[in-house]
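Naming follows writing order (A, B, C, D, E, F, G and H), and every chain is counted from residue 1.
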């Protein structure tokens, strides 16, 4: 397991100190929701670490032990461009936990054909993560297409009656597809983490 | 236009009196959400009226002027068996307002193939009404398949975090399909009425 | 149909790239919710395009094919000055989709006479869009005055117990006028789009 | 001031005992939300009291001192038949507090002409009580027609997204008419009481 | 009646233009929720107008006709220092509508003695406005002390489970004092306006 | 400590079996929220136990060890008659845990004088429990009168915008009196239990 | 995969007909949320089927093909007696899908020792289902004890501010344990189904 | 008792003036939620006062009378680093009111062993304050480990479905541990204050 630091609400000093300690004992360290300042500081302090920075999601990854631990692929699917940061967080997490990820983007339910064209890739995945905002309908449709476990991640993408992801969250909790379980709004990390555990089974 | 009585919360005496008055001047009268007692009383009092009773939705219909007024078909689609009462209310309303209705049932999003098999019927409709509970995802998928106006009716079908139809309502309001407009939870009548106006355009 | 880009949450680079692609194949392109920077960049990059910018709503419009496609007028009504950006988005959308728009502004329900003075214009419209915040009562009153379909757009105008448009949204969903359907809070685009489909019927 | 007993949640014995005590010292006693059993018991125990029973609202009234205390008329307006019990509670309260009441029923906003026909009566009232469920739009319209204080009473009439009167309550709190104040859902008594105080000014 | 402009969400240009028009025909003009920039512009443009600016509430007042129109005093009470801006808006409104205002500040329910010391002033008022945030309990206590109409104004003062004034709003709507009616959160203007109408009765 | 059984949602058989087991080892056993059938069964099965039944709250008490364990009195205060069942549950709990209880009933905030008359008793209590529904204002007022810890119990008494006790709960959580802590809606037991622990300090 | 019928809201006739059809082609059929009448009818109509009926959850199971399909045990844990019906639904589902279930009951977080005594059994499970109402804290504690995927099922057990399971649902969605995913309130079936898919991996 | 100033929403001038007055008559003064500017101004104006500033919580403390008034220790426990500001406010408050505080940090429920290692310290406390965000489960676990009163402080730490502390608040109100009472979200001050009163008992 990698060590994980939830970066939001911590000062650059705090994150820096925690990461320093963790890098001393762990091969792989993941910082989520780090802002630009934190990322730059970490890069400056760890010049030879091979650190990766993913600005869209704010993830910072020290991925030194790349042993594959998952037994198959994890598909990370998202509905629209705006859901990409959450999908990225899920992918970065799943990878650092030793999984191959198949990223399938921009396959919203209102354009069902694009989704159907990716059906083969979906059915080949051992676990499927689906990130969607607005009405959050995508996990139900995908849940009906695959027999793998589906982890639904509501995103805060939307406006008005999306209520910052509440609409998508409720939609996913009420999914008529029985293979769908749900994590918190925008919790790409949690989805990637849980999917990784499933892929090790 | 037919005369319409919202039956819920009215006593049999009240409904009976109103219907009597309306039948004197209107060819077509629709009572929605009438319970069994009201329906039986109305049948007893109007023996030769050709009155129809639809127990699932509680609709009572006096449909004497059957002039066709719509310019095409209205499709009434529902996701599951439990959504049938709402779909029935929409259909009964659309018919009494002079429309042909194509009823397409049991085409939930978790079984996308059954929906795709009905694609032809959907695209032939001039207006599409979609009734769905739980996550309320069906209007988004259908909205992407047709270019007709889609009226989404959230139903109170579900439990737990469906919050009596709130989840479906929010989902539909946040639909990523731009041709979707929404009516109140379980408001099959309103959907049938608005669709009829559109079909007269 | 025009191509549409939802500008919010996209970088100027992203919007610029998408618009460039779309302009290559489509006569008409609409960007909604673009900020000042995006609008200026688009103008700079498309100097001869006849691009229009609507700062109140953030709409950017490339309207090169002005073929009329609607069969009548669409009325776009709003209750107060603060609702104008949403009304503007609806109008800009309806126009670029080939409709004549009759804009009727500042006719709130607390001054019913001003509304009644516009009754003729309202009844002449084939479809009516009504934008209102605060208590969101205007669609019900207008719905009772016309027999055309009415699309209600709750706006986030208000404070306190308006809860960012929730009060208006709930009011419109519970409208006692049967010809009213509803779209998401501030969704002028969706109203304009759906109205355009209806006006082509 | 009359003595008032809130009957809901009290046993017939409790209400009976309280009323007995109050009738010994007060000319006028009002019991609100009494069920049939309570009403019958009170009638049986007070055979010569001139007790009135209003089954729709559950009010029971002992109105022995009929001195007029209000300086003008209080209009009690309601939008639909289903709002009548709340309007009745308001009227019964206002009367027992010494006011003349002008009851104006069934003047919903979707039929604005019926409301306008009653404009004269509305403007003659010194205080106006408006009871409405569903979208609760009526107080805003009436507030714009009169310069008297308007007390808005949201009713729990409706279904689905009315959320038991919440939609009407929010609508009234956000009224764009400045002369509107609001009481609790279904609180006809409170409206009648407050209006009576105003009418004594 | 003064002319009133709701300043929030309008540009300085818009407010300036509206005020200019109104000042041409009305003696008294009130702008609510104007920011510093708007206030300064108005002062610059109307140097001899006797314009007053109230920075806490953002009110700007042109009070040229000071005829007294109310028949008694209006008490404006507030619970804590943070509620002062809302109380100020109520007072400024009541004054410009021709009322004498008795301002009673800082009398929260947790220090009931300070409130009781002001009892005489409260009972002398013809109408009482009570502004309170947090638990919003003050109107109930004052409602029990006076027989005048009480207008309760929930304020958005508080944090956490105050939910921006919702807790106070709900508390006031459920007041066990029957002479309390309620306006929107932070709506000092509405309270001052309605109280003025009552004080003219 | 007594043994406690939460009776709601358990069958008479289940409660009977649990109570039998507990009575074998504990002197004092308390069953909360038992319905009539459960209470009668327990009485029949434990004829010599001195069992007490409190129908208003549904409490059943086997109080055989009456050792006093509290160091002072616990005051249990309630606002209105309808709050009595919750107050009773608190009192029964505090007593069976070895405390003297001073019950002070019917002292709502709208009649502040009755409350002030009981001030001496309030200040003599070592811990104060306050049960109130509707606006839930009583704990704030009492909190300002005493320096003892105050445990506030919101009750589900009310209607409309009380939302089954939510209004009282929010009011109490936002209390401006710093000595107030809160338990769940209608949780008289929890208040009695926590107060007992405090009274042992 | 077994065939599954959601029994709630279907008439005995409807369930009977569906089950008849399914039994003709499937070895295993599961009906969830069937009431007593439905269960008796099914038993009468399928006398030799080995049908099992689980009254607490309302499950009816035809389990004829008992092939083991899971690769390890699924632990089904619940916090209190009242959560048992939901745990039962999860267990019945997991079993009919070919899994061994280890049922661990009555291990609430307020008695952490009982939970710790079962730690061995928890760590031996390949997937863990945790059912809990009220504060819904159990999945977080168990999530920290095991490295298997944890499926959290909020139950509607509780009262007052549990809001029919909402408190537990929100708690689980915000779990600080990263291996927790969540299903709808009371959705024991969904948890059992998803766990079965994971156990086949 | 110290004098307390709630700093939020007050200008530096206002806080400065109030503090000046209070320091003239009180040994101990506590300002909560003061920003950097306020703290610096107070330090500049009170150079010899021994003023302490706690930037995480914004507390400013003048602690001149250090008499011990509590009869035992108050434990202040928090779940994670992000909860520290709220725990600090509780500690600073409890100390200035004359209590010894035992601060136990970073003992979240997902790492139950760290919590169990601190069990001795917990059981030695006379009152326990527990600050936790996200799912807010910690008070229930600690409530089961100690027999002292537990004051639960939900914090606004979290994202998505934590809804700014609502999830933690609801969890704590529904705690299955009977010795838990709750204060407002982030209300470290209130918890410290109430705990101090209990520790004086």
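The rule is short, and it goes like this: contacts are C-beta pairs under 8 Å (C-beta built on N, C-alpha and C of every residue); 3 or more make two chains touch, one makes a residue touch a chain.
From a predicted model like this one, the values you see are computed outputs, not experimental measurements.
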item: Chains in simultaneous contact with subunit B and subunit E; value: C, D
item: Contact-richer chain pair (by C-beta pairs counted) among E-F and F-H; value: E-F
item: Per Cα centroids, the chain farthest from subunit A; value: D
item: CA centroid of subunit B to CA centroid of subunit G, Å; value: 35
item: Intercentroid distance (Cα basis), subunit D paired with subunit C, Å; value: 40
item: Shared-contact residues (touching 2 or more other chains) in subunit E; value: 160-162, 166, 169, 173-174, 184-185
item: Touching pairs - complete list by chain label; value: A-B, A-C, A-G, A-H, B-C, B-D, B-G, C-D, C-E, D-E, D-F, E-F, E-H, F-G, F-H, G-H
item: Parts of subunit C lying in touch with subunit A, wherever the complex brings them together; value: 8-10, 14, 154, 156, 164-166, 169, 184-187
item: Footprint of subunit C on subunit B - complex, ascending; value: 1, 4, 71, 126-127, 147-149, 151, 169, 173-174, 178-185, 189-191, 193-194, 197-199, 201
item: Touching residues (chain side subunit D, partner subunit C) in the complex; value: 79-80, 108-112, 116, 134-137, 140-141, 143-145, 158, 160-163, 166-168, 170-177
item: In the complex, subunit H residues that touch subunit A; value: 81-82, 157, 159-162
